[in-house]
Every structure is written in C-alpha cells, then in structure tokens.
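Structure, as structure tokens:
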Amino acid sequence: MTIELLYFAWVRERIGKASETVSPPETVTTVAQLIDWLAADSAVHAAAFVDRQRLRAAVDQVFVALDAPLGNAREVAIFPPVTGG
Amino acid sequence: MMTVTVSEAIIDAGGEFAAISASGAGGIATFVGLVRSDDNVATLSLEHYPGATEAALEALADGAIARWDLIDARITHRVGDMHPGEIVVFVGTAARHRGAALEACAFLIDRLKTEAPFWKKETRGGATSWVEPRDSDDAAAARWKA
Amino acid sequence: MMTVTVSEAIIDAGGEFAAISASGAGGIATFVGLVRSDDNVATLSLEHYPGATEAALEALADGAIARWDLIDARITHRVGDMHPGEIVVFVGTAARHRGAALEACAFLIDRLKTEAPFWKKETRGGATSWVEPRDSDDAAAARWKA
Amino acid sequence: MTIELLYFAWVRERIGKASETVSPPETVTTVAQLIDWLAADSAVHAAAFVDRQRLRAAVDQVFVALDAPLGNAREVAIFPPVTGG
C-alpha cells in the first residue's frame, strides 16, 4: 500500500516536510498504527508525534479519530487541532 | 445558492456584503473576523489543507442552507500572511426572516472555527508561535448539535 | 462608542459596514433588514415618533454595550417611503470576540422590533394597510430578558 | 393642565390629525382616563380608541401602560403596537 502523507502547522515544521510518500506493511491498518510505524524508524517523527493527544488526522480528506481504519487510503493527513476563523 | 472562497487575496468587505445582499432576501446577517489591532500581533499567518478546506466549508454551508432554509450563504476565508485590521473571514447569510439569517450566521462561524482545517501562527515582538485551540471554540460549536 | 441615526436617506450598506469595521475590533457582526423583493410590496412606508425613536435606539445600544462590553455599536434606521431591495435597517456591533458581537447584534434587532416606535405601512396591488405586530417578534425580544 | 397629544400610524389616520393640544379636568389622572375623556366628547376619537387592547402610549416620550399616571405630563402619545425594524 502506498500512502501520500501530508503534515500541517507545527507537525509539518517538526517533521521538516509538508508531504512524503510511504509504503507501510499490511500489519498497519489504522491511523494510530501508521503513526507508531513512522515513529519507530525516525527520531524526528517520534519527536513530532510524541503527544498523541495533540494530533488529529484525515483519511482521504475526511476527518477521523486516530483509531480509524486506513482502508485503501491514498492520502493521510496528520496535524494539530484546528485554530481557524 | 452558496459561494465558498479560500484565497490569499485581501478580502473586500464591501464587495462581499454587496454579493450577499443581491439575493433579494429580507434579512442579511454577516460576521467579519479581523486581525485585532489591540493584540500586538504584527503578522497572522494562516495555513490550510487545500481541497479539504473548501470541502469542509461547503459542507457547513450546505448544512446551514438546509437547516435554516437560507436563500444564500457566503463564506470567504483568507489564508497566508495578514496584518492588523485586515479581514480573516467573512460569513454572510440571507434568509426571508431575520431569525434564520442570524442563527445560521452564528452557526457557520462557530462551526468553521472547529471543523475547517485552518491553523493560525502569530508573530509578536519578533517571536512566532502557533495559536493553541480554545475550549470556548469547542463549546460554541457544540451548542449547535441539538 | 455608539452611532444612532434615523433618517429618510437611502442607507449605504458599504458605508455603514466600513464605519463599524473601523473600530479595530476582532469581530464585527451586522444585520441588514431589506424590503423583500418576493413579497409583492410596491412601497413600504415607515412612520416613527421623532425624538422618542432616537432615545429608544440609544437606550438599546447603551444596554448592549454594557452587557457585552462592545467596542462599538451602530444602528441606522430609515423612515419614509422605500421600495423592494432597499435597506430598512442596519445594525452593526464590534467586539473583541465573536460571541459578544453576534449576540449583541441579534439582541439589538430583536429588541428594536418591539421597543422602538416605528410603524410600517405596506402598499401592494394598490391597497395600503398597516402591518400588524407579530407574536414572534415579542417572543424573540423576550428571550433576552434573562 | 395643558397636554400636547400626539397620534401615530392608524390612530393618527382615524383621528385625522397628528397632534392636538387639550386641557383635561383635574379628575383625569391616568392615560386611560385621558382616552375616556377624549372619546366621551368626540365620535371620531371614540371610534379611533374603540379597541383599547390595540392602543399603546408614551408619557413625555417614556412608554407606559394605559393605567399609568399622567403626573405633570406635557406630551402624551397614543399609537398602535410598534412594527418597526
């Protein structure tokens, strides 16, 4: 499975890029597992994702909880709570 | 009818107002959020999630039009760098009666604050920081669940 | 700050909007009531009680400024003969935060409907009649008593 | 006591004038008594004031109930319920 990852706001700044393409193993089936998998191999990702309470996500542009299934997601976005308007 | 715009262009309040007023409705309610002049913010930067932002705003407008039987709804949101006194967001609603226009306008700005993917960064006194989410925004958005 | 105007002059929404936006506030809420275009009204005539009207509107604005800590409030009401699409009333409120601006704006227009001495006469199809008061206006005004 | 009376909307139309100056006797001490006194001598006033439920009043520009005292009122306005905004 190939996923386009998007990062916004301070998640983007801490990771140091706005997007990347990853191919997680089939055992990664939820957003939370994707975050764990990214953090396991990269100190930079681990630092950006250290406080899971402050992370929000969208799968194919639909806002979801972190335990939501990835399904056949093509685009996953990880970001802080929104502060717009 | 509905118009949703997300852009880096300066928002012209008079033009926005004229557009929502052209609907022939009896009542027009608007809300305009500006970069405050009394807050020592030199620059406010708004980041957003292109595509998802527009979809979220259109879904909000659709919901308001159905719930309050609006004649027109208009959401114009700026992104990028902006300065004190400049408009961040314009929300306008047009309805046959004032109650619907006023409630729908408050609904749209409350929900927009918690459901649309925008992030604010403030620069004051040379220091830059991301704005933290406010509990009061969640509370304001939640009162429309009923 | 507060500006109350009652006049036969056509109301320029853009100018009203610019005036209330000039306060440096973070949030501006407005309501505009227009002569509806879908109602077969040829002419709407508004009679008022000169002196008492301005005093009533100023008292309402004073109350809103105190209750919601407004930076500015603006009420502009037209009297005399007007036609579909023309503005009858503009209400604008400016506050540091959006909740205060939105609530105060709804308060002012709800109360204005029941407390300011204006009377509407409609001409449609050559027949002229005085508009009857609506129970829904009393209900809308009453919800602000708390 | 000399009082300036003002009429608005259909009250004004039915009475046929926007204002008049009257000198009621001292026994007239409330708005309601003033209305009764006006109606007693004039069929036109009586017709305009026939439905008291639909009348509202202001004494010296302060909105009052019909049973409010006149005090030393200089200006009394009689009109239908307001329908502005």
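Order as written gives the chain letters A, B, C and D; numbering starts at 1 within each chain.
In this section, contacts are C-beta pairs under 8 Å (C-beta built on N, C-alpha and C of every residue); 3 or more make two chains touch, one makes a residue touch a chain.
Here the structure is a predicted model, which means the values were calculated and not measured.
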Centre distance in Å when chain B and chain D are each reduced to the mean of their C-alpha atoms: 49
Gap in Å, rounded to a whole number, between the CA centres of chain D and chain C: 27
Interchain centroid distance [CA atoms averaged], chain A/chain D, Å: 73
Multi-partner residues of chain C (each touching 2 or more other chains): 33, 109
Sequence positions of chain D contacting 2 or more other chains: none
Touch-based graph of the chains, sorted into line, ring, star, complete or other: line
Chains that touch, pairwise: A-B, B-C, C-D
List of chain B residues in touch with chain C within their complex: 13-14, 17-18, 21, 24-39, 84-85, 96, 98-99, 101-102, 105-106, 109, 136, 140
Sites on chain D touched by chain C in the complex: 6, 8-10, 12, 58, 61, 63, 77, 79-85
Residues of chain B touching chain A in the complex: 33, 46-49, 51-52, 55, 77, 88-89, 109, 112-121, 130-134
